[in-house]
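Two complexes, one shared chain (chain A), two partners (chain B, chain C).
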Partner chain A sequence: MNRRYAHALLLALALSSSKHAVGELDRLNDEALSEVSGQGGIYLSGDISINEMGGPIENGYFGRCDDAGKKCGARLAYRLKEDGGWMVLDEIRGNFAFEGLTLRVRSIDSGFAGDGEAFNGDVVEIGLPDTVRYNDVRFKIAGSNTPRPTDPGFQQTDIFAVEMQGDVIMEGNLLVFPTGNP
Partner chain B sequence: MAGIRKHIVVTQSVRGVVLALSAPAMADMQLLGDEDMADISGQSGITLEMELGMTADRLTYFDDDRGIYLEDFRVGSASQPGKSAAHVIRVDITDEASLNLDYLVEDRRIEFGDIRLAGAPGIGMGGIFFDHSLQGNLRISPGGAFGSSGYTFDTAYTMTGGRLGYRTNGNEVFLDDITLSVEALGVTLDVVGSTLELNAPRVSGSYDVGAIRYSNNPANHGNTYDVATGQALPSYGGLSGSFDLSSKTGITAGGREGEGFRLDNETTINSASFIYHDDDHALAFREITGQYRLNDLRVDVTADRYGRDALGFTLGSLNGEFNIGRIEMGASGQSIGEVNVSFMLQDHIYNGRSYTNAVYLQGGGHPDAGSQGLRLSTEWSLQLADLSYTEDGNRVIFSGLQSWGQGDVTVNVTRDGELNGTRFYDGLRIGFENVSAGYRVNGLRVGSEDAPLQGGTELLLALGFYPAYEFDMDGQVTLGAGGASGEGLTINSDIRIRNGRAAIIAAPYDEGAGEVSQKGLWISDLSYDAHVRDMTLDVTEDGLALVKGEAWSLMDVGNLRVGDKDAGSSFGRFVAQKYETGSSMIIVPGGAGNVCAGGSGGTESACAASGGIWEARGDEGITIQLKQILAKEVSDARKNALTWETNRQVDSSGKPINNTGSRLVLDDIHTSDGGDFDGDGVDDNTFGIRTDLSVDVYQTKVVKKTDGADALGVVGARGDEKIMDPAAGAGYRYVSSPTTADLDNRPLGFAVRARSRFKELSINNIDLFHPTGGPQTAVYGVKMQNFDIEANLTATPIP
Partner chain C sequence: MLSRRRLLTPTVWSFCPPRACAVLGLLLGTCTANAELQDLSEQELSEIDGAGIGVVLEDFTFSHGTDTPDANGNQARIFKIGGLRSTDGRDVEIVVNHLYISGTGSNYGQNLSPVNIGRLVNPYRIDVVDGNNIGIRDKAVLEFAAPALVDAAQGYDCMSSGAIAGSGVCSSRPATADFVGERPDIGLQMNVAVGEDRSANINIHAKSAVIDGSYLRLWGDDDRRQMVGQFKLSFQTPELSINACSQDGQSCGSRITMTNFALELAIGNQLQPVFFDVDGTGNFVVEVAAIEPPAPGSIGADGLRGSSDAQTWDFYEDYYTNPDYRSNLHIGNFSVGDRDFGSARVEGMLIQHLDIRTKDLAP
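Moving on to the complex of A and B:
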């Protein structure tokens, strides 16, 4: 198989609510696993939270989360034109909890319906946790005329807000490897 | 000892010895034979009072016709140069034919002005001086550990007002105000075969160093106070501690080549402590125990691998183990936990090349610093070391640490200013020249030495810790006296690394079937230039504080490779420029404390209600508080920027040519407090990016991700929890509905809680550079505000 084609097949992220929806990615059996080097790796359990109680700024716009009159999330603004307006992700907050996020470097020279033999290389494997628990994850998309909400003449138009709660099934492995000319 | 053929020559005069004798008369003194001593009993003793002043231009030691000179040798008064030192010695012989010496030495200085090698004219290693007053006794008894032909020594003494200094080119660093008490009873000296064996079954004592001082004024030689200002010379801090040792030393004739001598030593540290004092705060290493075995250390006057004359120390092997029961810091003296190090230094092959352990001492130091200094032509091979850290009873082992390298290390005491085109700073300068070195860690083991290897060092990347690193290095670190206030250290440093290969993620180099090429994610073809100015190191009431004045660096990663460090596929080139002002790192005792993992809430019940697991991680552990103040660009060399380049052209050897490909540049990244609050016309920048990294070893929840057998053949269903069970074959089993008892046996992991906060982080512009089309700005500014991100992660082996 063409090596580039093999690369394309291997760059697969299995992100679905069903454990069967993994395309051509085959699970490695024990024999194949025995040929995998770099068994060290890590299995991570824990959580990541953003602005759980608020951020470090206390001013007229930002404050702690128990202050209803203030925004307690994080804010990211960028602009694509030199004198243009700013796209904003505002009030970014939330908590993600998981068990089983794995990280290792892995050699692949078999499996994957024959693609592995053609690939015959090393990848960084990020093993996705089966279940990620989203707790009050939210952000807003907005447009603003200034990068800081405390700048003079600040105006902002919220476009839409996203809020996520509950479990998300994330199964499979994310294989990261270089391709093309470095 | 017939094989020892040494020549010691004293050149010039020995003068000024004045003896005053209390009865009986001095003229009667002769060496006593064993028979005479056996007949002597009940002597009332004699008292010798001496004013000793002695100088010698040169003492020479020859080894295989190569000479080493100890020049400008002087014994006399410490406080009054040119005067003599007072000695009072009372000599007595006991009923058991032992010779008793009670002595009092006041204000004595023993000094060498320089140490030179015959084959290296014009340069010297620098001078050493030793001031002290001594009071003690020594009993010499006939008969050693192996028969009547040896000797037994019993001694106890107290040294006060001590100074021990090292001096190059008129600048000096010295331990000041040393107090030392030592008791060594039953020390035996025997000739065993061809070896002179010294056995000290117990040596105990305590020490106190009032200050470690620095002077850049030759007129201050050996003074506590500056002669010009009357102020105390700046201090690095003081030391104190105690020790209780047992040791056995063998000295044998014959060097690695021809003449010379061999040393073997076994020492057991029964107990010891080491405390560093900085003003009113202490960093204490307590409950130290351990042992080491020095095997076949040879000392020769010889030449190093480049043919340079040197005093050579070549080692057969050195192995041992040390345990530090408590490491205390901060105002409350809280312990971060216990540290254990086991090590083996001996010849070994790394990357196909054999390394040994040797140090070749030479004179000169840095060639621009003056004629005096130390040059250590070194080679080392740490074949194996395990470093373990235990906190609240739980242990993590950095397993299989190896290190190797060779190169020159120079040591000079320097003063601030430019000399012969090189910039020097006040302090003890340690230089690196053509150092080619590396280290690697096989992995972490959590819980016990037979736990499976796992990763986890990835969680410490924020501290700049890589699990494997090979590099060529030049540069210098100058340790100045005085910290941010009062005592402490001020550090100025310039480091240049080339041909670097550092692992961000690394698989084990030995999984039990022998050493293999280590797979990983590598920053390879690395060039790294780092500069630090006026960085202070102090022990404070919080812990150990490192505050950078100004720091800038350029890290050019030629290729970010996956797999093999040299041949792995490349993601392209990454260049990181950093420029920081006022950044800091504080090491604080205590880990994360109480943690709600996977949930939220400040109490156990609130945590459980949110679906989290309440983890009381205890009082010990360690927290590292980082503050990175990314300054706004002041020049092309001093700014924060990140570049990713791909699609580079290649030269005739197939090597990519930098700056010929497509580049993505995040330019002028800087932090801010979000406004100009002090009205100086510039945004304030005092908060920076603050990251608290808390490290603990604690239990965690590990869930099976697939049905069936895992890598070790233990069967379980998807979603089952891993529970440690010594009765199970692999040491664990999978449980679908764990009981309360099962939950107490969750596996231990390497737990890192990282909390990063910043008020504002800006990117001035993001540019795309096309190899032919030139630069184009893609994003005209990014501003991130009010971030507080907490990651609470525990690393365990992949089941």
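Moving on to the complex of A and C:
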């Protein structure tokens, strides 16, 4: 390339870059802002494990899942009466995986066999992921006289246990919105 | 959902230029110190009406179950309920072969299709409601409610698959040619194994089910210091069927079919709420306390209002005549296989006292 042209090119580049350098962020006035329409939404893929191998606590009761003598799931105990017994969701463990859970705000003013037009508002739409893969998901429903199994006099009655594995079909959209007169 | 306080002044931060504010911030500690919360007056508070949360499922399908094992004994899908025991000490395991929620016309769960659950203008609701409006005095009540029943001039017949507006009190609409409707097919196919005996396969299917008007209300009881509730289930389906099949589902016995099945179940009411508890040995207790007997002499010997204390008499009169406290069951036609047994009605059941306790059968 001719040397003179190269200089001119460099100068032009320098000028253009300096022109960019003076570019500022300007405030949008209300009118301009009112015309901005946001496109939002979240696409989530998840893999959630709860005590798949065992929880963090290791003592006489809780331990690793491969230790047959120990319990390895999470435990949630709640009481519905002052000085009453405890309802327990026990030995919660397993793994859920899903792909394509979506979250967005959707404006509905049509469809739903005429309801959309009457509703004419915004909802939070949670798009269900079509299939959720359960891997060895288990939990137990139980009743207990103390909140923790390590408490003295602990006595627990397991009512039933649930075990789930494989693909669960869950299709559709969950729409959440305020009702009443906010 | 309501805040008793409101933000009196907006943050000063948004009004001062950043640099000045930074200096001010250094001098005064923070620019937002001026913003305060102030109590709302009773007058202001009384004008606020809280909003609940509405939930609608659009084009929803749910299906899960247990597959038959392959040659190696592996199963792709498992859904089991275990940990139960029969009275003779054998383990009971319920293998859920198929649990589904689908659009109408699923042919007992074989052709799953989408369905809407709840309506935008009458959704499923989670709300904290004023107890004074629903007969529970001076309590805030947590309510989980299915779509409310509506005026018969706007509603739809709860059973008919071709119901049109103005034909009944249900809000949920049946499916039409161009709309999936709001009445799902629901079914549960299960195998109940008692010990090694796996012969019991029970399938329950409800077509085009409607639970409009059902609710669960929960609140706290001051005297017993306990959570109490009120549960109302209104379940209507044009066909509820129960049958037993071989384990692979190929050959089935006679189908018990109940057409135009309507169940209105009321457990607990404003006067006798249902109590939930766990006893000292870790067993569940569900209780509906008996209503208090009238004070001696407050009801006359002839039982008439004239000879009784009017307020007490009116209280018991309302308790025994209020249809809201009663449970009903209507079956349009009951048939087994090709035998019809006609219609059945059980009406006006009043739960006066209920005490259910689970019992541990484990050795």
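Simple rule for what comes next: the second predicted complex is superposed on the first by the 141 of 182 C-alpha atoms of A that agree within 3 Å, B and C clash if a C-alpha of one lies under 4 Å from a C-alpha of the other, contacts with A are read in each partner's own complex, and residues count from 1 in each chain.
In this text, a residue touches a chain if its C-beta (ideal position, glycine included) is under 8 Å from a C-beta of that chain, and two chains touch if they have at least 3 such contacts.
Remember, predicted model here, so these are calculated numbers, not experimental data.
Contacts of A:55 after superposition: chain B is touched, whereas chain C is not reached. Look at A:180: by the touch rule set out above, it reaches both chain B and chain C. Applying the stated contact rule after C-alpha superposition, one finds that A:80 touches each of chain B and chain C.
By the touch criterion defined above, A:167 reaches chain C but does not reach chain B. Judged by the touch definition given at the top, the superposed model places A:122 against chain B, while chain C stays out of reach. Set against each other, chain B and chain C touch different numbers of residues in chain A, with B touching more. In the superposed model, A:107 lies in contact with chain B only, and not with chain C.
By the touch criterion stated above, A:44 is placed in contact with chain B alone, chain C being left untouched. Shared-chain residue A:159: touches chain C; no touch with chain B. For the contact definition in use here, the residues of chain A common to its chain B contact set and its chain C contact set are 79-82, 84, 86, 123, 176-182.
Those residues of chain A lying in contact with chain C across their complex are 79-87, 108, 112-113, 115-116, 118-119, 123, 128, 140, 142-145, 155-182.
By the touch criterion given at the top, residues 27, 30, 33, 37-57, 59, 62, 71-82, 84, 86, 95, 97-100, 102-105, 107, 121-124, 127, 129-130, 133, 135, 147-150, 176-182 of chain A touch chain B in their complex. Listing the residues of chain C that touch chain A in their complex gives 49-64, 67, 75-84, 112, 114, 116, 119-121, 123, 125, 127, 173, 176, 179, 224-227, 275-284, 358, 360, 362.
The part of chain B that touches chain A in the complex is made up of residues 443, 453-456, 458, 505-508, 511, 516, 519-521, 559-564, 568-573, 597-600, 610-612, 646-648, 656, 661, 674-675, 687, 690, 700-703, 705-706, 709, 711, 718-719, 749, 757-760, 777-799.
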